[in-house]
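Have a look at the structure that comes next, please.
Labels for the chains are A, B, C, D, E and F, by order of writing; each one numbers its residues from 1.
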Amino acid sequence: MISLERVRVGIMKCGNIGTAPVLELLLDELADREDINVRTVTTGSKMVAEAVEDALPKMFEFNPDFLIFISPNPAVQGPARARQVFLEKKIPSIFISDSPGKRLKEEFEKSGFGYIIIMGDPLIGARKEFLDPTEMAIFNANIIKVLAITGVFKIIYQEIDRLIHGYKVGLNPQLPRLIIDTDEVREHSDFQNPYAKAKAMAAYELTKRIAEINVRACFMEKEREKYIPLVACAHEIAQVAARLAEEAREIEKYSDALVRRPHSKDGTPKVKDKLMLPPMSDEEILKKWLK
Amino acid sequence: MISLERVRVGIMKCGNIGTAPVLELLLDELADREDINVRTVTTGSKMVAEAVEDALPKMFEFNPDFLIFISPNPAVQGPARARQVFLEKKIPSIFISDSPGKRLKEEFEKSGFGYIIIMGDPLIGARKEFLDPTEMAIFNANIIKVLAITGVFKIIYQEIDRLIHGYKVGLNPQLPRLIIDTDEVREHSDFQNPYAKAKAMAAYELTKRIAEINVRACFMEKEREKYIPLVACAHEIAQVAARLAEEAREIEKYSDALVRRPHSKDGTPKVKDKLMLPPMSDEEILKKWLK
Amino acid sequence: MISLERVRVGIMKCGNIGTAPVLELLLDELADREDINVRTVTTGSKMVAEAVEDALPKMFEFNPDFLIFISPNPAVQGPARARQVFLEKKIPSIFISDSPGKRLKEEFEKSGFGYIIIMGDPLIGARKEFLDPTEMAIFNANIIKVLAITGVFKIIYQEIDRLIHGYKVGLNPQLPRLIIDTDEVREHSDFQNPYAKAKAMAAYELTKRIAEINVRACFMEKEREKYIPLVACAHEIAQVAARLAEEAREIEKYSDALVRRPHSKDGTPKVKDKLMLPPMSDEEILKKWLK
Amino acid sequence: MISLERVRVGIMKCGNIGTAPVLELLLDELADREDINVRTVTTGSKMVAEAVEDALPKMFEFNPDFLIFISPNPAVQGPARARQVFLEKKIPSIFISDSPGKRLKEEFEKSGFGYIIIMGDPLIGARKEFLDPTEMAIFNANIIKVLAITGVFKIIYQEIDRLIHGYKVGLNPQLPRLIIDTDEVREHSDFQNPYAKAKAMAAYELTKRIAEINVRACFMEKEREKYIPLVACAHEIAQVAARLAEEAREIEKYSDALVRRPHSKDGTPKVKDKLMLPPMSDEEILKKWLK
Amino acid sequence: MISLERVRVGIMKCGNIGTAPVLELLLDELADREDINVRTVTTGSKMVAEAVEDALPKMFEFNPDFLIFISPNPAVQGPARARQVFLEKKIPSIFISDSPGKRLKEEFEKSGFGYIIIMGDPLIGARKEFLDPTEMAIFNANIIKVLAITGVFKIIYQEIDRLIHGYKVGLNPQLPRLIIDTDEVREHSDFQNPYAKAKAMAAYELTKRIAEINVRACFMEKEREKYIPLVACAHEIAQVAARLAEEAREIEKYSDALVRRPHSKDGTPKVKDKLMLPPMSDEEILKKWLK
Amino acid sequence: MISLERVRVGIMKCGNIGTAPVLELLLDELADREDINVRTVTTGSKMVAEAVEDALPKMFEFNPDFLIFISPNPAVQGPARARQVFLEKKIPSIFISDSPGKRLKEEFEKSGFGYIIIMGDPLIGARKEFLDPTEMAIFNANIIKVLAITGVFKIIYQEIDRLIHGYKVGLNPQLPRLIIDTDEVREHSDFQNPYAKAKAMAAYELTKRIAEINVRACFMEKEREKYIPLVACAHEIAQVAARLAEEAREIEKYSDALVRRPHSKDGTPKVKDKLMLPPMSDEEILKKWLK
């Protein structure tokens, strides 16, 4: 039975960034959480306004407590249309996007939207000579690995969990205003070994570089001889970044110090490190949420 | 503008398997395909009947030409409810699932459903002492990598593309009836080097093993001292499988023989190998589809 | 001078499994043990009854205190003949074998034989298009590495040492009845880091998978196009398993926690971890042996 | 049925070198060869004269066409006693040993013995603070891998096969007189890529270095602080050498050029490279043998 | 005997960039070239004007045909002083530097200096909590590896060789005006496999990123908690870049296609690929030089 | 301003060994040391007496407190000429060289020269079919990495720092008499994990082997078919040695125990391990210097 008190989280995916494919899964990794209902609607890879317009009503029928709109570059048509609708509907909304979203920071704030800009969630190497479904999936796997291990996903789902918690206890929680750059990885990731952290930061720096290279390869270079090597080069960096992140995580395993933060059934955050021990309620986070 | 002639593909995700997060992206990796409209609705990680029941109407409003329902074990409540509804609605439907789906093969066929059972898309190590959102995302990244590189994703999206093509040309295409085991990887993957293929098959065998171990760890072992090492062991195999798959792909790069199969704007399949050359229309596949 | 009080261990090798090539070396790795005499007789790779019949008398002339018969599948001719002879001779005998031996468990027990069944000591990929002496040696090297690092060899030689110790102190020690599966690796291996243990368990799971694949490739598939990729795939897994085991061992080195268990000259077990420190007498094991 | 015409190969193992554990397996990797009978007798890790003396009669009862005696340093007691007995028995005999055997070259030749001296089959790091059965097995696995991949094993078994062939066709074949150093690897290994060969040579050079270091660590250094790091260092080199050899073999796989040389049932040598093709009779070798 | 006709190359090193330690060695890797005399003077790690002033006269006494001044950021005191002196002395001079040199492009051209700006020769992580002589040497080793493998060194020494050749044949060769960015790697490196080239380009992109990170860490961040992780992160990227470059080179080895360009004794350029074949005179380059 | 009290260090490089390219940088890695002036003069790759003779006067004009002459094999013409001149000038001088320098030990001592012989700084594979500038630079990068990580560079710069310190405090410090073999690595490297130390020693053993192989390949083998594989093999070992050294260093990072020894501005030695903590004055070393 779906209880009435569950917080209802609506997620609209429009186009794709590395964070998008697993976003709702981050909130309920064990599929046993009893305090939320999640509904996601996607328009496939497309970002046109019509698709967004067509899909949004279904989302509102779900009657979400708050909405997350995740897309690449939110300056384009589809996401722009979404912002208009959200403003009209007056529903608390958060825009999650890659680095081009940074340019909309002021607009977001003026309109009262929350935002999470992931500087290291890079544009894919979208050139027809290079990108096929297989290459696309591998690239996303590499980026997911980096974003997970560096703690970027943790920063994101903790923000959303904070919101959920706020709605549950009847607060009017502040929407997130977050730009996730390497500094945030340094400050908020859970690495206990400083070299592991440095490697994770390095992996994140690499994904930022991928973005720069792919922007050039996809939008600026016109000749095949130039853009093919560039997108190939960018995806090689993605592979290397994933390996480097993996290396960082291995370091934590090597001293049995890997921090894990599972959700409990009632949604309260838990935390642990030693592998063979059970997770404990994470009072520190809870306190922070109630401030 | 969204043209009327586009084939409308509806995707319902219920719970998660490794194929699910990127499924719709596989159909339109360059986000420029003009022959399809895709709409996905997800119920988050949950698989309860109520959530499915609540979400399905939105899907039908989209008026899809055919429906894909992707979930783990389709024998449980949610997917079962979906099958009832689909039968009533008489919409062409395909069930994509992991290995437990194999037991429903006959039921699928009797009811006229298509199915794609992915034997190597394994259960995750869902134990609270081990699985947190980070571990979950990494696991999915590893499985995505294996399924992409071994050609499993290719087999899947070519089946869907075949359907789309059928609807476009006004045929009444046969729904897929496919169990993807190691033999299918051997037969249908694009590796040109036989050792690369052997490594890919090995990676797929490993993901099948993960499934077996995690079933035991999640459903059979009751003591923490037993199930924690097992889920940890299963996820280590996932990491190794991803690396092995990567190695297979590198072999093809080393002789510039990596096959790529991008979609063209009008949805016709293209194919190429030499990196610096453009893709060509894949007549072989097209012919097969028209048989 | 060979003293009269030495325990005489007779080993008969018939055909080959991964444990066989180093079996007697495990008992006396420093070649300075003064409490045992070991004699091994081998029939080469062959397992026919005639060879066993011909070789056994030499073994009895050695007058062993107990006999170890190691072979693949002990249900076939050669080992079966050996069981008949051993029963007649009434000499305490232990059968060491790979997983098919599990089916003879009851027969072993009824006849009073000891047995050690190594579930993860897999059949080799014995297909003429694939297996040559070089490939065979590499495969065995990989399997030896896995069985050594996972602690399977330790379980085996401790059982034999227990017997030897029993005969030395005039007890009538119970013959081993042991099936070494992943649970035994979990319980009895010496890893101090839980992730190292998980990786070791994973390596052992992989060798078990190899067995399944090679059985299919060697006995079930008839077409070259099918069985060659399968045996190649199985041997790739062996390589990966060896690497994974190695990784597990490295973890223990990284915190200078690698457990070592050398034999002392008089055969008593010793144990240590810190590399630069000397081994100490292992009282724990000794006590267990005397129970 | 064991036919009368089979060539009877007797192998005596005394102590252990890296080649010993798999020696008889190299002659019949598929266990289906119908032209030979092999019998091996081992004295465990020990090399004392008494053990040899005790074991040899069983070997002669087998009535071998020729004898192989494999041991470390053949200058010590046990092998020396064996030479006396062999001279008396006038049986064609070959001594296989590690590098110290080189000093007996003249003695071997004067006495009419064949010999194969394997310069890169190194002494193990036999120090009680370091070597336990697990470390011993791993070391042997690494050395086996190097000797297999570099083609050293091939050189050895081809020499023995040449002998067998000689006896079969009624010739009086010349016993081998072979010192296997890096030059032999360069000349006789089957690598088709010159960098693969260079890496294999490098791996072999490393095993030669191990020998030098372990001789110093085992026989010259008296203080624990000095010899422990040395044996540990030597075994690290063994691990690196095995990896390097593996890398060499991978290169050949990457261009599907790996040479395989399985035995046929009647013992004639076969050869192939492309993985998916069957092996062919190796006329070149056969011709060489008949010269 | 040092002949009069040799071209005299003077090199002044002031401070250090990754190219500097091996610069003169690139011109005469076999130490047998008979057409040049090289003299290098260095002021250690320091870049102050006094040191430059003190060292330059010794350089002029050598009477070089042309001068190379290599340093980091040529805008600072020492290199600035050198430019003044060179202008007075009217000796053909080339400034080699890292990316900050790009800002002096116009000044260089106005003054008639040649220049080679290496965009991917990054600032070291010069923070006292991090950089010691060992870390410094390792960083330089990594950068040297990347610059060598990507072909950046080749571009540099071919430019200098072109000059030398020009002076030898009595031409008045044009001084180089070169900014070496990723495009130059794409265009001028010798990779025959396009994925190898993409990996090399990726490695070079990484070294460019290191520069950006270290500039921030060394000059902008003031708190230890911030700058230490940044320099550590930058050096991790250097390690990864070196490995990636190595991987690119291995690809060329795997198909025996690695291009080598040794100098001949008389300085004419040679070229080869197959490892076992001798180098040939490189007519293509020679022709280009005479244009 | 360059103060009068700075110790003046003159360095003459003649030909190249792995230590040479970074030698002066080791003394002042942060380029902020205020207690020394360093001047280096190099004759390129050449070692002829004329070049040395021509370059030395410039060195003496610098008026160094002491001189370091670094070259391969110091028995040849150029270094020999330098020794004559140094004896005449009566300037305190140290010869740094590779292993052939060991034969001059007595001559060095008789003449009052200091010496540092680096047994593991190997001859390069100087064969025209193999060595080009790129290969040369890579080889040096690998050797630099090994010498840095194993602590060989530390031993060297601490000796020079001891001298500098002696001159600063007005002592007449004893010139170093040092042969750096594997024992010195064992005793003086900073590894806290014993396996890390063993791996570092192994890396150093490998570089010593390279020297032996390259001497044979460069001076003894005459046929291309023989010497090309040998130099290629030697350089493969260099790559492996660098990786192994890197592995050793990673171990120290994994437990945040990596020792760093930066110079302070006034030249006093500092030391630290935990990455995030500042370095402290190294009293232990200082005391040793004053003995």
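Heads up, the rule we're going with is that contacts are C-beta pairs under 8 Å (C-beta built on N, C-alpha and C of every residue); 3 or more make two chains touch, one makes a residue touch a chain.
Model, not experiment: these values are computed from the prediction.
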Worksheet entry | Least step count from chain B to chain E, where 1 means the two chains touch | 1
Worksheet item: Can you tell me the least number of steps between chain A and chain D, where a step is a move to a chain it touches?
Response: 2
Discussion item. Measuring between Cα centroids, which chain is at the maximum distance from chain C?
Written reply: E
Practice prompt. Same or different, please, for the chain C to chain D contact, judged on whether over half of the interface numbers appear on both copies.
Written response: same
Item to complete: Name the chain pair with more contacting C-beta pairs, choosing from E-F and B-C.
Response: E-F
Practice prompt. Sharing over half of the contact pairs with B-E by residue number is what counts; pick that pair out of D-F, C-D or D-E.
Written response: D-E
Discussion item. Nearest whole angstrom, what separates the Cα centre of chain A from the Cα centre of chain C?
Written reply: 50
Worksheet item: Measuring from the mean C-alpha position of chain C to the mean C-alpha position of chain E, what distance in angstrom results?
Response: 58
Worksheet, complete the sentence: Among all residues of chain F, those touching at least two other chains are 194-195, 198, 228, 232, 254-255, 275-276
Worksheet item: Got a list of which chains touch which?
Response: A-B, A-C, A-E, A-F, B-C, B-D, B-E, C-D, C-F, D-E, D-F, E-F
Worksheet entry | Footprint of chain F on chain C - complex, ascending | 253-256, 258, 274-276
Discussion item. Quick check on the complex: what are the chain C residues that touch chain A?
Written reply: 193-195, 198, 251, 254-255
Item to complete: In the complex, go through chain D and note every residue touching chain C.
Response: 1-2, 9, 11, 13, 15-16, 21-22, 24-31, 33, 36-48, 50-51, 54-55, 58, 61-62, 126, 128-138, 140-142, 144-145, 147-149, 151, 153-154, 157, 224-225, 228, 232, 239, 242, 246, 249, 260-264, 270, 272, 275-279
Item to complete: Note which residues of chain F are touching chain D in the complex, please.
Response: 182-183, 186, 194-195, 197-199, 201-202, 205-206, 209, 213, 226, 228-230, 232-234, 236-237, 240, 244
